[in-house]
Structure formats: C-alpha cells, structure tokens
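Shared between the two complexes below is chain A, which pairs with chain B and chain C, respectively.
Now for the complex of A and B:
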C-alpha cells in the first residue's frame, strides 16, 4: 500500500497551496483531485475548441502576494495583469468606471457628484487603514477564544486592554465599518447612488448580503486587502492571472511537483480511513487505499464531514453543528464564446476600465430586492450581472479576434421556494440575463458562438461544493474569523486526529484565497516535523 | 411664580420620564432643581390618554419592562401612588389554530409545550438558560454608565477586561454560542434552535420590535440579549395601574416631594453658553434661568444642534449628530371595546398577558421588505395588551381597552398616509379578527398613531421610539455620539439625560438616573 506524509483531498487553490507549502517543507505529498482539471471552482474549460473560459468563477481569482513569492510561482509561469477596476452601466444610459489613477478616478466620480470626488479621498484613506488592520489577521490561525487555557485568557485580556485604550472615535469608526450596512456606511462619504451602487456591488457580489443588510460594509475592505490596492490614489486594480485562474492552479501544481509532490486527477476520495480515532489514509472511488500521516481536506466543511465519514465516528453533536454551518450558493455562471469583440454603446470606445469587467444596471434598490428574492428562494427578477471579457486583456484565451464572455449572475438561490432548478428554469434565467446584456450591447446575440449556464446545483454536482456556494460557507460575521467554521475548528485542526481543514470553509475564508491552505500547511508541517 | 432671572442648582430640560427621574434624584440630593417641559403635560410618550370619555389607555409605550426596582425604591414611587395592576406579565403567542403558546420556562407551561413538541420544549429550556447567561455576561457593560475609552480614562479597558472574565465563566459551549450569536441574525438563531414556527416568530419579534431591521438582518440576535439584560433589573414586565401615565404621575409627585419646581408649557429656547460653559437656559417666553448644571432629556440632536447651536460645536460632532439614524418602524393602535373580545383557546387568566400576533418568520421577513420599500406589510406582527382585564380603572365595568403595537410600519408610505391610513387600520382589525372574530363588532372608538403621528405628538424624530436607533454604532460609549457618551458634553455643566443616551430607549429611567448621579459627583468635585 502507498504511503505518504500528507494527502490533500481536493485540488482547489487552497488545496494546491497547502500541497505546495508542504512539499516545499520536505514532506512527501499526494494531492487527489476528483475532476480531470485542477483548480476546483477556478477550473477552466474550452467551451468550444480554442475558447478557454473559467467554468464556475468569474475569472478574477488571485493569490496573496506573499504566497506567490514564497512559492516562487513566477518561475512556474504565473503572471498577473493589473487593469482598471471595471465599469458599471447605469439605468439612465450612462456609466461609471473605476480607474487606478487617482486623478482620473476622482474626475470620473466628479461627473456624478462633485462632492463624491472628495468623498473618495476620505473613503480610500479609511479603507487603506481598515485593510491594514485586517491583513495581519489573515496569515495565521485566529486562536480559539473559547479555549480554557491560561495563555488564551492572557491573550484575550491583552486584546481587551488594547481595545480599551483606543480612542473612542477610532473605536466608533471601527464599529461602523464592521457593523453597518454598505448603504449606511457609504452615505457618510458619497451622495450619488451610482457611486454608492458601484462600490456596494464591488463589495457584495458573490455574498448573501444585500446593500441594506447590516455588517455588509466590511466587505468594502475586500478590494483593498491586496498590498498595492489603491496605490496610485484611485480604485483598486482588478488583478487577472494571464491564462485565467486555471493558470494559478497550473502554476501551483507545477510548484507541488517541482518539490517532489505528486498530483493525481480523476481520483475521487470516498472515505477517510480511521484507526484508533485518527485519520490514517483515504479510500478512492475505485477501492484503492492510500495511507498518510496527515490528511488535509480542501473540501468544504459539510462535504468533508458529512460525505467522507461514517457519522457514528464523529463526536456527539458534531454532525448537527456542521449541519448548522450555512452554505447556500448565491451565484450562477454563464459562459459565452463570441466571434468578435462585444461593444457597449454607453461606454466610449477604448475605455481602459472595460478590461476590468462590466456590471449591468445596478442600483442599491435593485440589489436589495435581488438579495431579498434570494432569501425567499426566488430567482432574481433583476439580477446583479458581473461580466468579464478576459480576452480583452489576455488574447491567449481565444482564437485571434474572437472573445470569451464570462458572466457571474448574483443572488441566484440554490433551492427554489416552489421546486427545483429544471432545464426550463435555467433557460429562463439565461434568457433574462442575455436580454439584459443585449440591451447594453445590442449586437451581442449575433456574436454568440456557444453559451452554457451553470446554476448553483450544477456547480454543486460538478465541483462538489455544498449548495454551490463558491465561498464555502456564507461570509456573514457569525461565520468569519474564529467563527469560521467554529472556534474549535478555525485553527485547521478537527476532532479527528491527523485530519486538517484547508478550504475556504476555514479562517480566513475567501479573504485572500490561498491563506487557509498556507496556514493549514504551516501547522501540518510542524506536526510532521518538517521545516515550516 | 415669576421665572425671570432666577438661579438654581440644576435645570432639567424636558419632562419625559428620564427628565423626571433626573430631576428627582438631583432634588433628593438636596439640590434646588427646576424642570422645564414645553408641552402642557409630562411624560412624553409615556402617558395615559383618553380614547373616548371613560376609556383610558397607555397612548404609546404600554409596558414597564426595564425600569430598575432601585429607581422605584429610591424615588419612593409606591408612596407617591404607583401601583401595579399586574407584575410578571406573561407572554402568549397566539396561534390561528387556537393552540396558543405561553412563553415561559415554568413547569406547567413547559408540560403543555412538551406534549405539543417535545424537541422545542427541551430547546426552550436550553435557549432560555443560555439567553439568561449571555444577558448576565453583558449586563454590567450595559447597565453601568457607558464605558469611556482613550485618553486618561481607563474605564473602557477595565470594562472590556471584566467582560473577558465574565465570558470565560460562561463555559465553553455557552461562550461558543455567544460568539456566534452576537454578530448573527435572530432568524438564523431561532431557525437553528426551534422547530415550531410560532416559537421562532415569537423570539424574532421580541428581537426586532421597535427596530428598523428585519429578522434576518445580521446583529439582531444581540437585540434580544440586550433587552434581556436591561429587563433583568426589573424582574418581570408590569402594567402600572392607571396606565403608563400613572408612572409619570408618581414620578412627578416624587420629584415635587423632593422639591423640584416643575414648569409645563415652558419651552427652552436656547442654552446660554459663555466661554464653553453652560450657564443657564433662556425660555421661549424670554426668561433667563441660571444654574451650574443643566440636564437635557430631550433628543441629544435637538439639544446640541438647536438649543446649543453650531457656533459652540465641533463641526465633526455636529455632522455626526445630524446623520444619526432615526427610522421609526412601529405604529400604535388603541381601541375602546364594548365587552371583552373572545379569543378561542385563551384561558381567562391569559387575557391579561402580553399577546403576540405573529405571521410565520418568512412572512415577517417579507413584512420587513415591504417596510424597507415604504409599503404596508401584507402580514402584520403585533404586540397586544388588554390592560383593562387587570385594571378596572381604565374602562367602565364590563368594557375594555386594547393597546396594539404594530411592527414594520414605515414613516413614509407609498401613496401617502392620507390614502393608506384606513387600509392599514383595516388590515390590523382584519388580522385581529382572525383570533378574536367578534372584535370588529365591539369597537366603540379608536385611535391610530402612525410613525409621523408619533413624531408630531411626542417629538420623536422619524417616529423612532428610542431617541436614536439601538444599533451597535449607536450604543454604549457611542450613544448618542462618541464625543457625548457618558452624559457629558464638550460644554462644561451641560449633561444629556434622555433615552438618546446609554443604555437607551424603553421606559427604564436609567439615562436620567445615571446622568443625575454623574452631575452630582461632578458638583462635589468642583
């Protein structure tokens, strides 16, 4: 029987990152991926021969800079492009764009409201400060605040003192940032609904929160977490991997192999082998057993525990607690191949912000309604539509002069209040979205060579993520930091000895994909006695 | 009595219950105090009014839930005439299938629930215990004067550190639950805890009552804990005999007994400021009153922006106050009834309970969505009391008054209230009829107070009952603004003592008491 130091179940970006770090530390590593392609939710495919498109995600996934450099991914061919932040179309036929350059961005905002250009200066300053406070929390475990140990108590008392010594105005600003809704928070800075809707949709696309839901404002920090975000005074850049997010997976895979790790695709793990209360290996779908000293799961929390284990092997009450972790998909994906570049009437030709994507007719009210519909299990009547034409910046993805259009449709419920997702209902959603796109780009229908729609249940069945939830669990504050997925599990360890979690279901979740993998790998490496 | 050019030890602006509490405490300590109330009656939204001759009801607020017993004792309210028609009023969630649910963890109530749904009976015990423990852990933070942070004061540091100690004493499972509950929504919490829709909706209602947030809005679970913590000092919800106005009447007698001069019909025009020090008050009538301490129980925003004025304020503070959120979400309906409406399945003793009329949680969430968009909710959630069942002074013998709080009524409604008022009324009566089919026939008279009416009648901006929404950025040391927390203002001698200050709204008297104690200790130090 084969034996390894560590087996990683699942080849998403976190699993690959964990495998690469462990292999680099000298561990004998085997990564097992169910599908043919690496990348999990960030896998690409050819929708028609020659047209490569991210199958499930919009295509804007990146890795934290420290991971790219520590794993030397540039050597494995990974390159990033930084482009302007994108464009939102407005209901009145106008548009609003996000530019990296401060002067240009302020001028753009001033087109919508003179005051908002000044608001941007304050907003950017506050976001940079907030992101700076957040960043150190991401690279490492949070620690379990409920643990009954002297060191935990001492740490918490120290934290309490530090907070108590802060200026009350600063505490108030922090409280507002972390508890207010996007709409309320943005009211402090901006007047124009177009500006506010642009920022709120940047922050909330892909989350379960609407713009008027409390605690949504902290998602505004997301775009600023990257160290270089907003560096030239404008909006954070959109960072695109050349070759799409699948290229990140390929580079990580190459790094794993360069350090002697092994990767097997089309190898589905169906069970974890247990002995004496600890994980000892895995069983594949073909019955093959592979042993290892440590098992890392890049599957989501629910899939890990509810699918790979006999429930009787888990501690009392554990299954119920895992069941309470909320995972509900919020996005559908529509992939389109085009025989020529799409034109958007409202936006001046050659507008550089188009490279960063295009969002359709968003208002705060519409977003709010769509998110309410989502909670009620109704397909959105006015969906938030996020589009990216990756071929505008990266022509390698399609034949010369041809394009792919990647469309993420938001606030799409996984379960419908009145039945299930059928082919017919999927087509209804597709028609609605294509209709909206055609309103912005009238010639688009004639340019379509191929089109495919994936609803949350489709994503669940193909990628294996429970509920088709690309975040591996809702990102509301009761499921973040030490609550992700619970205080005892947020440190990557589990009640099953030798079994670790390394997916987005664990801290810090989608805040810098790759962090969970890197953090879990550091823990496992020390367990294995390898250099970290 | 001529007011002109009189000097006092303290001037209290506003005769709401907090203003009266503050004035009474100051006078009790031997200070010469005058209280100015602009309208011709005291108590603000804490008042008893006549629906029609001989039918009396608490016009707005209708239950005493959070006033500490200590205030009752200190101010000798019983000796000044305060009687309770009912203490420890229980809560009954009404069910359309006539199987009503008494929300308590008493053995006999649980036995009934256990027969109905054994899982939820067990869950209710655990949930109640946990809620109590969580409220206890947070209580000192909520009930003391708000912690201060920064600068020379170490109050906040001590408060946060003691919070860590208390949280640790909860034990691991309870602490884990608290950490998940604090930022979470009440909807998710009850969905995870209970199976019965009625039980889910009842706790959700209590968490969002009076708030402009929905049952699935993150942070709403905290409201339930906060309310429990405030209620703890009272040990039970009670109904004053004679309605809420009787509480104010007792406070008035107490204050006057201690020597407070109370002037109704006397509006403050401005607070006189000299060199950053509050020196006195100029009334609308042109009188000048002087005192080294001025306590305002009116809205902090009105106090600072209108009575003090921008000239004496930091621009940041002024704009922060101007922005403070005031979204009223609750309307009130008061009915005079001929006879007691029959609610099938309700035992005679339960007619005196706090009755909850609840849609499913999902419908309740949709009602919130309608509210957000300025529309009337389709399904109504209401808190109903029939105080005349336990208090014969309120209506002629055999007749009754009913007091109904209606949740998720917007301030501005699409189509305008002139057109929508009757539709809402119809919907309320229609919903009540589902439980008490004979109610329509029994109505003699009624009055409905919509959020704009509540604003106009009681000066509560936005029709918001708490003098500022109770949300995390407007609680504790941030209430009403970080610069103003702990009742002091940047102006020496000027204090804030209304519900807009920590620990906030509801009929608690705490802001009044704590502000008075602070002013007294400042006075001793000076």
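Now for the complex of A and C:
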C-alpha cells in the first residue's frame, strides 16, 4: 500500500500552500484533488475554446506576499499586476473609481464631495491602524484565550499591557470599527452616498451582511491589510495574478512537485481511514487506500467531518456542533465570453481603474434590500454585481481582441424559501443580471459569444464546498479568529488525531487566503519532525 | 452627482463657483494691462470635463512663466501641483534670497476663505490663539488641534474684512473645518485653485514692490496686509513668509498672476530679482527652524501611530496657544498636557557635515532617540542644518546623527556630532524693520 508523510485532501489555494510548505520541509507529500483542474474554487476553465475564465470566483484571489516569496513562486512562473481598485457605476449615470494615487483619488472623491476628499485622510489613517493591529493575528494560529496554559496567559498579559499603554480614544475607535455596521461607521467620515456605497460594497461583496448589519464595518479592513502608510495615500491597490487565480494554483502545484511532492487530480477522497482513534490514511472513490502519518483537509469544516467520517466515530456532540457552523452560499457566478471589449458609457475612456473591476449601480439601500432578500431566501431583486475583465490585464486569456467577463452576483441565497434552484430560476437570474449589465454597457448582448451561470448549489456540487459558500463559513465575528470554526478547532488540530484542517474554515479564513494552509503546514511539519 | 446636502450653517462651495474677488466697489475693474504673459485658465482650476486620472499633477496659473525661468528642468510635486525644485542652482537662488529678492510661485499652498457673521467666533474656537484680537488687514500664525490637544495643522490666518478671513495651510483640512463649523453662521470655501499666490522674499523685496507700483509698501508692518491696485489688478499683499527675511506674499486672481509676475521681473531687474524654487523655500524654513506639516510633523488625522501626533508644545508652538483667553477646541486637553512633560520635541540641529541628509537617526550614547525629518546645507553658515524629532528626555547633552553615505562603491558610516539650536540659525534684522528699506542700502 502506498504510504506518505502527509496527504492533503483538496487542491484549493490553502491545500496547495500547505502541500508546498510541507514538501519544502522535506516531507513526502501527496495532494489529492477531486476535479481535473487544481485551484478548487479558484479553478479556471475554457468557456469556449480559447476563452479562459475563473469558473467559480470573480478572479481577484491572491496570496500573501510572504507566501509568494517563501515558496519562491516567481520561479514557478507566477506574476502579479498591481492595478487600481475598480469602478462603481452609479444609478444617475455617473461613476466613482478607486485610484491608488493619492492626488488622483482625492480629486475623484472631490467630484462627489469636497469634504469627503479630505475625510479620506482620516478614514485611511483609521484603516491602516486597524490593519496594523489585525496583521500579526493572521500569520499563525490564534490560541483560545480561555485555555488555561502558560503561553496563553503570557500572551494575554502581553496584549493587555500593550493595550494599557494605548490612548483611551484609540480603544474607542477600535470598538467602533469592530462593532458598527458599515453604513454607521462610514457616516463618521463621509457625506456622499456614492462614496459610502463604493466603500461598503468593496467591503461586503461576498458576505451575507448588508451595509446596515452590525459588525460589518470591520470588513472595510480587508483591502488595507497589505497597505502601508508610506504608499501615496490613495485607495488600496488590487493585486491580480496574471493568468488569474488558476495561475496561482499552477505555480503552487509546480512548487509542490519541485520539492518532490506528488499531486493527483481526479482523485476523490471518500473516506478517512481510522485506526485507534487516529487518521491513518484515505480511501479514494475507486476504492484505493493510501496511508499517511498526517492528513490535512482543505475541505470545508462540514464536508470534512460530515462526509469523510462515519458520524459514530466522532466525539459526542461534535457532529451537532459542526452542523451548526454556518455555511451559506452568497454568490452566483456568471461567466461570459465576448467577441470585443465591453464599453461602459459612464466611464471616461482610458480610465485605468477599469482594470480593477466594475461594480454595477449600487446604493446602500439596494444592498440592504438585497441582503434582506438573501435572508428571506428570495433571489435578489437588486443584486450586487461585481465584474472583472481578466483579459484587460492578461490578453492571453482570450483570442486577440476578444475578452472574457467574469461576473460575481452577490446576495444570492443557496436555498430558496419556495423550493430549489431550477434551470428556469437560474435563467431568470441570468436575464436580470445581463439586463443590468446592458444598461451600463449597451450592445453587450450582441457581443456575447458564450454565457454560463452557476448558482450556489451548482458551485457546491462541482467544487464540493458546502452551500457553495466561497468563504467556507460565514465571516461574522462569532466565526472568526479563535472562534473559527470553534475554539477547540481554531488551532488547526481536530478531535481526530493526525487530522488537521487547513481550509478557509479555520483561522484566518478568507483574510489572506493561503495563511491557513501555511499555518497548518507549520504545525504538521513540527509534528512530523518530532516523530522523526 | 454631488452628494452634498445643503447645510444651513456651514456651507461648502465647489471651487470655481465663487472666486475670491475683492469688493468690486473698492477695487473697480480698471483697464487691464495688455497681456504680457500667457495663461491657460484650464491649467489651474481642474477642468471639470477632464477625468481625475487625466493628469497626475496639475499646474498653477504661473506654470508657463515659471517654466521659462527654468534652466534645470527639475520639478517636484507640491500638494498635487507641479512646482520647480530648482530653477537655476540652489546656491544662486540662495544668494538671491539673502542679498536681493527671491520670487516664488506659492500657488499650490492650501487656502480657505472663511466668511459670515460668526467667522471670527468660529475661528476663535478653531485655533488655539486669540482671533478676536486680529484686526482687519492683519495676519497671524495659527495652529489648530483636535479635542485631545493634538495638532491637526498649522498655518496663517488673514483677516480680510469684518467677517471675512483667509486661512492658509500646508495640507488640506476641509473636513475638519466643516465639522468644526456646526453651530456657527459661517461659510467655508476651498479657494486654493481660484487664488494665485506669489512669494517675494529678500532685502530688496520692498524696493521691488515699490518699483512695481505697490505704493507705500514700506510702511506695511510685519504680519500687516493691504490691497493694492497694480494697473487695474487687485493684489492683496501681506508682509509674511517663512524665510526669516524681509518678505511679502501676494495674493491675486489666477488670470492676473502671469502679468504681475512679468511686471515684477520688469521693474525688479535692477534690484536683482530672480525666480526661485521649492528647494530654496525648504532651505529657508529650515534655517529659521519652521517645521512643515506632513514632513517634520504629522497631523493628528494623518498619523497612523497615535504616538506620532504632536501637541503644539512639542512642535515649539507654545507661543500660539492662549490658554487664558476664550474657549477653543482642545483647550482643556492642552491645559492638562502643559503640566505634563512633552513626549518628544521638534528641534533644530546644526551638523558639521557638508551634505543634506534625510531620515537619519539622532543618537545619544549609542541609542536611537529621534529622527531627522528635513535638512539642508546653509552656505551662509557653512553647516548642515536639520529639523528633527527627538525624545524629550534626550533633548539635553551631546547628540550625534548617524549617516550612511556613499564613497565610490563603499558605504561610509559616520557619526556626526549635532548641536541643538535654541533660536533660528538665520534671521534678518530687516524682518522687523519699519519702514522697510527701499534702497539697496541695508
């Protein structure tokens, strides 16, 4: 029987990252991916021959710079582009863009409100402050603060003394950031609805939260995590991988193999072999058994435990707790091939921010209603629509002069209150979205060469993510940090000995995809090292 | 498009909507000079049909005039406007400043027009000093803080009329100015783009202006200001400037600026007038020891680390804080802070080193105690002068600045002894002379 040091179940970016780190540390590694292409939710496909497009995700996934450099992914062909943050088209026919350059961004905000151009300074300061406090939490496990160990106590004391030195006002600011809704938080800085809607939709796209939902404000930090105070003072840059997120997966795969790791695609794991309360290996769909000293799961929490184990083998109450972890899809994906470049009337020609994506007419109210629809299980009547034209940054993804349009439709519920997603309902959603795109870009219908829509259930059945939830579990505060997915599991270990979680279901989740894989790999490597 | 709600009390006006013009009756629009210099109006005010990404930096109304004086083609960015770094050579420009009259385009500086019934009361509440004592046609240096006593910005406040003021600052503060205006009958406009500004500094400055038609300019006292009519161009001249020299700043309509520039050159030739750039402005303020916002200190709304924000006492601006006068934002906090030891100080240093240095550590006994934030070589004194931020506890005793500099293909690491300066390194006696000299007899 085949035997390895570590088996990684699932070839998403976290699984690949874990595999690459483990292989680099000298472990014999085998990564098993169910589908034909690596990347999991970030995989690409050819919608029609010659037109490559991210199948499930918008195409803006990236990896933390630390991982790119530690795994030397540049040597494996990975290249990035830094582009402006994107454009929102407004209902009144106008637009608002996010520019990296401070002077240009201020002028852009000034078109909407002179005061907001200046409010940006203080907003950016507070975002950078919040990001600075958040950053150290991402690379590394967060221990359960209630666990009574010496190291936890020491860390708590250190944190407490650090906070003791801080200004009271700063503590107040921090409390606001972590508890307020996006809309309430932004009201403190900005007046223009366009500015507020732009920032709120940036933060909340892909979550189930509406702009007026409490604790939404902290999502504003996401874009600032890699931003430095020294930058020119504009909006955070968007970093795109050339070739799309699938190129990241390919480079990670190459890194795994360069370090002697093995990757098998179209190899679905159906069971984890248990012996004496510990994981000893996996069983593939074709019945093949493979053994390993450590098993890492890049599947979401629910799929890991509810699909790979006989429930009776799990500790008392565990199945129930896993079942309560909230995973609900929020985004549908529409993939479009175009025979020429899409034009957006509202945006002046040559606007460099278009490379960062376009978002369709959004107001805080509309987002609020869409979020309500999601909660009520109704296909959103005014969905939040995010678009990216990957071919603007990388023309090789389509034949010369042609383009692909990647569309993420947010606040789309996974289960409908009155039934299931049928082909008919999927078409209704598609028509609504295409209609909205055509309002901003007349004539786009005639340019469509191919179009395909995937609802959350479609994503679930193809990628295997429970509920089609691309973030592997809601990112509300009760499911983040030492609570992700639960205090006992946040440290990547599980009740099953030798089984580790490395997906977005564990800390830090979608805050820097790849971190969970790297953190879990560090833990497993030290376990393998101790074992000798 | 514009998401502004109409505020009854504090209004905000888009640039271009209300250009700052002097009272028409007081300054009748006389026959204008024949155009002796070109100006493209689109150069200054951001043309509304041009998208923001069209140009990274904008140009001032004097851009063509200034560019004609440049022999170096060295430009820099000041508040989003193209500004000459050096026009001829820094040494030559310095000589002009200290011995003749240095003309500079300071249009990129941020200007706010604050008017209305409560303008005085509003400003008195905003800044730490006593604005009520400011008479019409007078200016004062001001600093303004947020409620925790940390400096938001500093600048100069001009009183143009009974209820009309102009606040001139290094950085933009519109959001803070509007937030502070709640409850006051006051109108706040950003006139940065609709008001051009020239700086004429040097011992011959009054002579040049006198020759150019600024009658009785010599009687203007320091921080005094007055309207002049120069061949039909209304020009507001103030005896201000951050150079330690006799000097004036001229405020006028952008369309008139190139004509005034040409006229000053024409009439000032015999007094040795020359155009100068941003590097000279920086050097001159370093010689006088004036910290610049965003460079030597960070405003409270810019400092990412709260410890980087400063109180007025830490900036050496204690003289601008009137704790015994009326209430102002941050007064209670500043009262408490005054009792406490400052955490750091912005200090002026003299270094025996021939080259300007940047971002060097200030050390004492081998430990890093501060940072050099700006520096320049003063040819007059033969030393390198620097401004820096120093931990308060380290502000006595022997200091050194650690400098890495390139020698061929090697790094030489030097520890340069540094002296703390307690007063401006250079300040001209003419700065306070009234009447200002009109002849080259200083």
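The criterion applied here is as follows: the second predicted complex is superposed on the first by the 510 of 532 C-alpha atoms of A that agree within 3 Å, B and C clash if a C-alpha of one lies under 4 Å from a C-alpha of the other, contacts with A are read in each partner's own complex, and residues count from 1 in each chain.
Everything that follows uses one rule, which is that a residue touches a chain if its C-beta (ideal position, glycine included) is under 8 Å from a C-beta of that chain, and two chains touch if they have at least 3 such contacts.
Predicted, not measured: the structure shown is a model, and the values here were computed from it.
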>> Is A:296 touching anything from chain B or chain C once the two structures are fitted on A? First, second, both or neither.
In response: neither
> Touch check for A:324: first (chain B), second (chain C), both, or neither?
Replying inline: first
> Is A:215 in contact with chain B, with chain C, with both, or with neither (first, second, both, neither)?
Replying inline: first
>> Contacts for A:166 in the overlay, against chain B (first) and chain C (second): which applies, first, second, both or neither?
In response: both
>> By the touch definition at the top of the document, which applies to A:114: first (chain B), second (chain C), both, or neither?
In response: second
>> For A:502 in the superposed arrangement: first (chain B), second (chain C), both or neither?
In response: neither
> So, does A:482 touch the first partner chain B, the second partner chain C, both, or neither?
Replying inline: first
>> Contact-wise, after the overlay, does A:513 reach chain B, chain C, both or neither (first, second, both, neither)?
In response: neither
> Once the shared chain is lined up, is A:27 touching chain B (first), chain C (second), both, or neither of them?
Replying inline: neither
> Which residues of chain A are in contact with chain B in one complex and with chain C in the other?
Replying inline: 166-167, 169-170
>> List the residues on chain A that touch chain C in their complex, please.
In response: 92, 94, 97, 99, 101, 103-108, 111-119, 121-122, 125, 128-129, 132, 166-167, 169-170, 189, 191-195, 229, 348, 350-353
>> Looking at the complex, which residues from chain A come into contact with chain B?
In response: 145-148, 153, 156-157, 160-161, 163-172, 175-176, 179-180, 184, 187-188, 209, 212-215, 324, 326, 365, 368, 372, 375-376, 476-478, 482-483, 486-488
>> Going by the contact rule set out above, which residues of chain B touch chain A in the complex?
In response: 147-151, 154-161, 163-164, 168, 172, 175-176, 179-185, 188, 192, 213, 216-219, 323, 325, 362, 365-366, 369, 372-373, 471-473, 477-478, 482-483, 485
> Where on chain C does chain A make contact in their complex?
Replying inline: 1-5, 12, 14-15, 46, 51-53, 56-57, 77, 80, 148, 172-176, 178, 190, 301-306
